[in-house]
Amino acid sequence: MNPEHAPLIQMKNIEKHFGRVIALAGVSVDVFPGECHCLLGDNGAGKSTFIKTMSGVHKPTNGEILFEGKQMHFADPRDAISAGIATVHQHLAMIPLMSVSRNFFMGNEPVKKIGPMKFFDHDYANKVTMEEMRKMGINLRGPDQAVGTLSGGERQTVAIARAVHFGAKVLILDEPTSALGVRQTANVLATIDKVRKQGVAVVFITHNVRHALAVGDRFTVLNRGQTLGTSQRGQITPDELQDMMAGGQELVALEGSLGGTV
Amino acid sequence: MTSITKKLVLAAAVVAAPFAMATSAVAEGEKYVLVSHAPDSDSWWNTIKNGIALAGDQMGVEVEYRNPPTGDLADMARIIEQAAASGPNGIITTLSDYDVLSGPIRAAVDSGVDVIIMNSGTPDQAREVGALMYVGQPEYDAGYAAGLRAKGDGVGSFLCVNHYISSPSSTERCKGFADGLGVDLGDQMIDSGQDPAEIKNRVLAYLNANPATDAVLTLGPTSADPTLLALDENGMAGDIYFGTFDLGEEIVKGIKAGVINWGIDQQPFLQAYLPVVVLTNYHRYGVLPGNNINSGPGFVTADGLEKVEEFAGEYR
Amino acid sequence: MTSATQPTANSDERVKEISNFRNALIRPELGGIVGTIAVFTFFLLFAFDSGMFNSQGIMNWSQISAQFMIIAVGACLLMIAGEFDLSVGSMIGFAGMLIAIFSVTLGWPVWMAIIVTFVIAVSIGALNGFIVVRTGLPSFIVTLAFLFILRGFAIYLPQTIERKTIIGGVGDAAQGDWLAAVFGGKIFTGFFQWMGDNGIIAVFERGTRKGQPVVEGLPMLIVWAIALVIVGHIILTKTRFGNWIFAAGGDAEAARNSGVPVDKVKILMFMFTAFCATVFATCQVMEFGGAGSDRGVLKEFEAIIAVVIGGALLTGGYGSVIGAGLGALIFGVVQQGLFFAGVESSLFRVFLGVILLGAVILNTYIRRIITGER
């Protein structure tokens, strides 16, 4: 997108071995600010391992991670978070029984001091939550509405808005659309678009080519722990992407029998 | 019977329609509350319940039995406070721990409720808390008497199966027995718990480890019944010297069969029945016996078991 | 862009506006408030002139309720944090026994005995929590183990040291001790004397205390209960730590992902539960002047029952300290009130079962409303 910009995060020749299993065999990906970089691949291709490495959950066996040009060694996810790499997980970091506002500020609660005591600043939290949600196009009944009453897409949006509010520079979205209906998916994709326009680098993991093409700027396909290359938007067709993901011929044959609907 | 009907009506009303009005629960005669320290699981106290019920019927007074469900004496103290707050004419209570119970009992006495101590405690303690009298069997003395008797029968060592180890009076019995024998209690007392299977197995284990034990002393049906089974199982029944406190159906059978040499009957019926009679007469006519009443110990042996057998577990 | 992404007045027309009534329903304290009103109405109707509402009667069920409250506050916060502690009852027996052994057998000053006991008890709470967090075992099992371990020590220690299972004499040792008074003392005695003098409450008719009011003052037990409820409520709802408690119990994984120190929160809650149990034990030992091996049997369940009646979910993440306090009040009032109402005391359990069942059904209904499950 912005070639004159330096990449925000560079993953160079990342290898990750679990005992004798080689989950990643030298994967290189870089992500620029304001770009939506889609990471595609079938189940077991190494997507999850890769983003866990990026977000500090796993340490790479080999290879290096450069963040804003500096080499990083994340000891744990908190390091990555404080550097500005936020992950919105498949298992959302949302607690259904708690209110949106409590969820939004979970782990980052604003406090106000009354005498020697520090209290949760509910007024501030409620105000910010309502505002941020409105920006993302979600009208809450109130800040104390429980997250459990939100739809799946809305929950994803709350999670994304929260990550951005707390200064995420790189936002990793792990299969955010996999369990959603059509309209919910559209909501989430629209949210991704908004976030990207704020200059945040988005890493969007999916195995749905159409979702990727809807918002992606660049596409990297992983297969069996290796990259099959990165392509720019407009330089690749949906069919080509699909084939790369499946690792080649088998799907072509399968697709013929299914009438091109996969 | 009216009081039972009333309770049933009230209970039904309570369950079915919490807000419906029911007949008012004003007592006709005097009201007496008996508070025991026994947990729900202790079946021996059934005799006590029957005793006060019978006395209540005969004297035309309202009686109530209360106990801490788990045998927690601190809970029992609260029950005494509560009984006092409900304004009965008298409270009949055990005094199984002086430290815990003396405060509430004294407060009840001072607020105008007459108290009789039954079963546990000592005559001295009863006087100390301001009770009218003590009805029961001094535990240490009973144990001591039993010990002397066993010594005469040639016993030199024993196992005390204590199923209620947290009550000091239980330990007093074992200690009295040991002193009567003239031996040190030492490790001869086991904490058996209340579960029949556990009691049985602990007795088996002890006798297995100490085969030279001369005698077994149990402290009531709760420990005696499983001990009978244990002795049946390891073949010591009838061979080992077996004495027990208190009576019950199985104990009576054991005495009859010659497995149990004697049972110490503290006659719990009297402990429940007499205080109600004494209190009622005191409140109606102002008469009061001049001394404490020892309801036991009486040794029950194979001779003259008939009445005991007929009413075992009910009034005996 | 779909229409749903544009700000509209109603983001989803299928979500009905929630009425005020339903809004009130999702407050966790609601069950407790309704239950309290129902229970008091009931006993005012059936047991008004039975002595239940004279000064002694009120003090009686207040103390019972206060006892439940003290352990319910700890159990409530722990349950909201997603864990159970079944060792509460044994901890009561164990801690009480430690105080008695330290102060009577070893002859330490009572304040020192109390402080050392608190340190030991809270450390055991931390150990409980540490094992649960480290092994990932259900707290149910870990604390069940401690139920036996602590009860075992509560019987073994006095048996070995004093050859008995009840140690008395703490009352004499505690005479004039400053810390003992914090747990076993009474406050506002002047006010109660004044009420007695003016015939507002009854006075003793005879004995050495003739003329003194039957209720001397407000026991510290009740002060502790109220203070713990207030502090617990503020921590839970008004602090960031409270948010972490909800988060840890709502979904530990999600909370961890958001940077909540879940393990620390859980361990601290186990320590707090142990602290509450020790407060209970200390108040009891100071009031009755002695400790017994069988103190506190089954109290862990009574605490959990009070918490559940008070609207907390057994699965964690939802609940209220005020609710737990009201649950304890209901529990205490029902337990004592049935006697005043003249109901056979063995029926108490039937009631408890009915109330518990009703509370759990109500809670499940509430959770469905909150989470929108069908």
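Per-chain residue numbering starts at 1, and chain names A, B and C are given in the order in which the chains are listed.
Note that contacts are C-beta pairs under 8 Å (C-beta built on N, C-alpha and C of every residue); 3 or more make two chains touch, one makes a residue touch a chain.
Computed from a prediction, not measured in an experiment: that's the story for all the values here.
Visitor: Using mean Cα positions, find the chain sitting nearest the overall protein centre.
Guide: Per-chain C-alpha centroids compared to the overall one single out C.
Visitor: If every chain is reduced to the average of its C-alpha atoms, which one ends up farthest from chain C?
Guide: Taking each chain's C-alpha mean as its centre, the farthest from chain C is A.
Visitor: Report the inter-chain centroid distance for chain A and chain B in whole angstrom, where each centroid is the mean of the CA atoms.
Guide: 72
Visitor: Could you state the distance in Å from the CA-based centre of chain B to that of chain C?
Guide: Their C-alpha centroids are separated by 33 Å.
Visitor: How many angstrom lie between the centres of chain A and chain C, each centre taken as the mean Cα position?
Guide: Taking the average C-alpha coordinate of chain A and of chain C, the gap between them is 44 Å.
Visitor: Please output the residues of chain C touching chain A within their complex, sorted ascending.
Guide: 1-2, 4-12, 15, 17-18, 26, 237-240, 242-244, 246-247, 250-251, 253-255, 257-260, 313, 317-318, 367, 370-373
Visitor: Provide the residue numbers of chain A that touch chain C in the complex, in ascending order.
Guide: By the definition above, chain A touches chain C via 77-78, 81, 87, 89, 91-98, 102, 105-109, 111, 118-120, 122, 134, 137-139, 141, 146, 148-149, 151, 154, 183, 186-187, 190-191.
Visitor: Enumerate the contact residues on chain C facing chain B in the complex.
Guide: Contact set of chain C toward chain B: 38, 41-42, 45-47, 50-52, 54, 56-57, 59-61, 63-64, 155, 159, 163-166, 168-171, 202, 204-210, 214, 284, 287-290, 292-298, 336, 338-351, 354.
Visitor: What residues of chain B sit close enough to touch chain C in their complex?
Guide: The touching residues are 6-7, 10-11, 14-15, 18-19, 21-22, 25, 40, 64-67, 69-74, 77-79, 81-87, 97-100, 103, 106-107, 109-112, 130, 165-168, 171, 191.
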